[in-house]
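You will see chain A twice below: alongside chain B first, and alongside chain C after that.
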Partner chain A sequence: MRTLVIEHLARVEGHGGITVELEGDTVGNVHFDVFEGARLLEPLVRGKRYDEVAPVLSRICAICSVAHSLTSLKATEDAFEVRISPQAELLRELLYLGENIESHALHLFLLALPDYLGYPSAIALAADKPDAVLRGLRLKKLGNLIQETIGGRAVHPVNAVAGGFGRAPSADQMIELRSALIAGIQDSGAVIDLMASLPGAEFCRCHTVYAALHSPHPHSYYGGQEVIVASDGGRSTVHAADYKMLSNEESVPHSHAKHSRFRGQPFMVGSLARLTVNPSRIAGKVALAAERLGLHLPADNPMDNNKAQALELIGDLERAGEVVEQLLREGIEDEPPAAVHSRAGTGTAITEAPRGLLIHSYTYDAEGRIAAADVITPTALNAASMEMHFRRAVEQCAHRDDALLGKRLEMIARAYDPCISCSVHLVRKR
Partner chain B sequence: MKPQLVIGLGNPLMGDDGVGCRVAERLADDPRVPEDAEVICGGTDLFRYARQMEGRRRVVILDAIQDDAEPGSVAVLPEAGSGLDARQQHAHHLSAVQAIRLLEMTTPSRFLLLGISISSAGMDTGLSPALAARMPAILGRVLHELGRPPEDLRPL
Partner chain C sequence: MSKPTVGIFGLTGCAGDQLVILNCEERLLELVSLIDVRDFLMASSENDAACPLDLALVEGAVLSGRDAARLETIRQRARILVALGTCAVWGGVAAMDGGADRHRLLEDVYGRAGLNYDSLPARALHEIVKVDLKITGCPIEKEHFLAAIANLLHGNAPLYPEYPVCTECRMLENNCLLIERGELCCGPITAAGCDARCPNLRVACVGCRGPVGDANPSSLLAMFEEKGVDRQRIAARLRIFAPEGAVQ
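Moving on to the complex of A and B:
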């Protein structure tokens, strides 16, 4: 028997990334070990007052800090039955769009693109194709600008608070943002040109179940509390309060993340799932781009998540422009947040982080302090589906040399855009 | 705009990995910081601060480094190609070394990466006792570097 290990995807030492066991032509165990999960995160917030929770949990990840912050606030507001104003809803939606634009630009241009074009890193790619890398950096910077303008800080936003917004952006800031978005929308055409020019990635095909938030607006990542699970043309609905039907966690000995299944089947979350569950997202320029990229839904290739991210990037830029226009047209009120009356209770929120469903569920005591917390990240939800796709890719690979298999598995892993919570950032010596 | 920008990187929920951030927090209230320097406590994504870097003479980055040196040692890190791991290590992040290389394409600022040695990182909201005990020395070393004119510094 031989064992293939791809270690460096997991940043926490001792957690082995992807492991595949091969015995002749037979594929044995296929494991994805990810340092992730509620049991690691709950101790961070137990006993904290309701207004201390979001600032702590937003630090789980710099890339997903808006997602964690807003999902946390939404769960707290659910627990205390707080209703935020339409303006606050819109500002939160815009903040979320900023994070998605930033995250997708980083992923597509600096992480996935080198894989497709055979470069070991974005640095190597930049030497030959600086325009592509610079475009990615410009779009990422635009996403950051949205988050900084609305959230009040470049990372870990402070303006969004329980009940709404502590401080709304000024009209001048929004006018500046509008100009930047106009330039970004012009830049976005090249995203599809680039994606359409990439070589195919046809090495893993299988039936896949998808789960995503049912959005009240085609490009919303924040609103709504119902998840649709789509499989074989059927659709099942899961309300946020019943989220354990989705997380339905199963401990596996090889990973810190518990594995999730819906009615016994692994499911995929993220951009491809969002487009599958919410087909109204594919309209106008996005529909034209989908046709150009040859994306047909439901897809049976996890690599299509990269195409779905490109489509979302186009749609998000347009939607962000619309939200800014609406806020400028209607005028931004300097309104105080809705009053929050803490009490004993449980609240759950589901949103769409850039890489898929994010669930926060809290139980508060009578003093408004966390008695129990459950944080389920998209990467944890995806873990079982990733293992399934790794297995299929190995089974469908005719020439099983380690370099080829390793490259394909790494590309599939990256297509899922996994964000390892509590990731470390340190520099390592070789 | 102040000509020097200091960014402390790291995840403060991951113990000693957050040391860059912790040092930046301390520096933000430290009267010894040169008047020409602005200090930001960052997270794990250096690109977030691309806009803040514009127009700066020098950007100083504080980050944890896992090496064989004594925890708390501070070093001006050498060329990324000579010993630092610039591989695409993570599915969703770029390392500081990679990020600096790319940011150099977009800004004329000079970058200085100060590595603070740690022995390990795990989930913890505080620094290890060994590293916490070295904080005064770490601050002193970083302040020494901030006080040096950029011409005296080796570029990354």
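Moving on to the complex of A and C:
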């Protein structure tokens, strides 16, 4: 028996690796190894008052810090039955779009693209193809501008609070954002040109189950309360309060890792899952781009998640433009956050982080302090599916050359856009 | 003159400070033309994990034996080691309750398997190795990072504010959240440099940049107590981003 080990995955967020055991032609154990230190933020947040929870738990992950903050606030507001204003809802939607634009641009251009073009990094790639890298960096900057304007900071937003926002952005700031979005929408056409020009990545074919939030609006990441699991044309619905059906932490004998399955099957979350579960996301310019990239859903290739992220970039920029227009048209009011009256109770929120479903569930005591907190992250939900796709890629590789296999496995891992800081809650080994 | 060799590393944390570096965007390409980045796992799949470094930028706290060993290796390679962000400088959110029974917490989250994990109480970098420069912030401010690189390239030590967030907040002529609204604002004891980002948005400071050098937490504690807030709650608030020892 021999073992293929990818010691430390590069160009991903956090510390993880891959181990594959091979016995002749048979593939033995396949592990997604996580060796991120345990920060134990869920037990540490116990006893914290409700207004301190989002600032602590956003620190689970920088790249998903808007997702963690807003999911945290949504769970707290669910527990206290706080209704935020329509303006605050729109601002949160826009803030979430900003994070998704930044995160997808970062992933596609800085982390995934170098693999397709045979470079070790975007920095090396920029020496030969500066236009492609600069375009990606401009889109990333635009995502950050949205987060800075609405959230007060690009990493770990500060302006979103229980009940709404500390201070609404000014009309001048929104006008500046509108100009930047118009330029960004012009850049996004070139993203599809670039994606369409990349060599194919056809080395892992596999029937895949997808899970995503049912979106009330085609391009919303923040709204919604129900998850849909799609498999073989069938759809099952899971309500937020029953989220444990998705995260039934199953112990696996080969490691300390606990894996999420739905009715015994691994499932994939993220961009590809969102498009599969919500066909209304593929319309207009996004539909044309999908055709151009040859993306057919449901996909049987996890590498298609990169194409799905590119499609979302198109849709997100368009939707962000609409939200800004609407806010300018209706007038932005510098309103205080809705009153928050804390009480004992439980609240659960599900949103779509850039990498997929994110769940925060809290129980509060009568003084408005956390008695119990549970956070389920997309990378933890994806772990079982990633291992399944690693296994299929090895099985489907005719030449068991370690360098080739290693490159393919790393590309699959990166296509999932894993966020390993986030994942440690469920998946852990070593 | 050859370009200085640089390594960028993350121990346990949220990768936010490395993300701030990537957020330099167009300026990032200009920056990497002035330095020779040899080891940056988050951005490159081709790294020299052994070469000597003129400058090592390290974010995150030490939370495992693996982290401690990595940090010691980085220190041996580096002429100048910079602690990047509140976790590296103070321990950060994972250090907020140093007194908690770690075994019990591990078992709470991971079950019995958690008892075998390589897991240590959170420590700042200076508790393990010599640190030459500290840039605090959760995350660091982009301009502070660029100023550090620019200064170090010219052989200077960068200077950062040594006064509290309140000073910046007053310059912006904000109403005081603490005095006028009775909110638990950590501005008086927190290091400035963020341009009072939160109070400027009418949100109370949570102390994410860590304590300011000449902080006077006892007078703040007395002021909060005068407003009828119980001591335990105040203490919990003051320790979100730094361990007990840092805020007396």
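By our rule, the second predicted complex is superposed on the first by the 401 of 430 C-alpha atoms of A that agree within 3 Å, B and C clash if a C-alpha of one lies under 4 Å from a C-alpha of the other, contacts with A are read in each partner's own complex, and residues count from 1 in each chain.
Here, a residue touches a chain if its C-beta (ideal position, glycine included) is under 8 Å from a C-beta of that chain, and two chains touch if they have at least 3 such contacts.
No experiment lies behind these values; they were computed from the predicted model shown.
In the superposition on chain A, A:R49 makes contact with chain C only, not with chain B. In the superposed model, A:L145 makes contact with chain B only, not with chain C. By the document's definition of touching, neither partner reaches A:A384: not chain B, not chain C.
In the superposition on chain A, A:A62 contacts both chain B and chain C.
Of the two partner chains, chain B and chain C are each touched by A:A122. Once the two complexes are laid over each other on the shared chain, residue contacts for A:V158 go to chain C alone; chain B is not touched. In the superposition on chain A, A:G166 makes contact with chain C only, while chain B stays out of contact range. In the superposition on the C-alpha atoms of chain A, the part of chain A touched by chain B in one complex and by chain C in the other spans residues 8, 11-13, 40, 44, 56, 59-63, 65, 106, 110-111, 114, 120-123, 126, 130, 133-134, 137, 140-141, 144, 154-156, 425, 428, 430.
Chain C contributes residues 10-17, 19-20, 22-23, 25-26, 28-29, 32, 37, 40-47, 61, 63-64, 66-67, 92-94, 96-97, 100, 102, 105-106, 108-111, 113-114, 116-119, 122, 138-139, 197-198, 200-204, 206, 208, 233, 236-237, 240 to its touches with chain A in the complex. Of all the residues in chain A, the ones that touch chain C in their complex are 8, 10-15, 35-44, 47-49, 51-52, 55-56, 59-63, 65, 106, 110-111, 114, 120-124, 126, 130, 133-134, 137-138, 140-141, 144, 152-156, 158-159, 161, 165-167, 251, 256, 410, 421, 425, 428, 430.
Against chain A, in their complex, chain B makes its touches with residues 9-14, 17, 20, 40, 42-45, 47-52, 63-68, 77, 83-98, 101-102, 105-106, 113, 115, 118, 120-123, 125. Residues 8-9, 11-13, 40, 44, 56, 59-63, 65, 106-107, 110-111, 114, 120-123, 126, 130, 133-134, 137, 140-141, 144-145, 148, 154-156, 355, 413-414, 416-420, 422-430 of chain A are the ones that touch chain B when the two sit in their complex.
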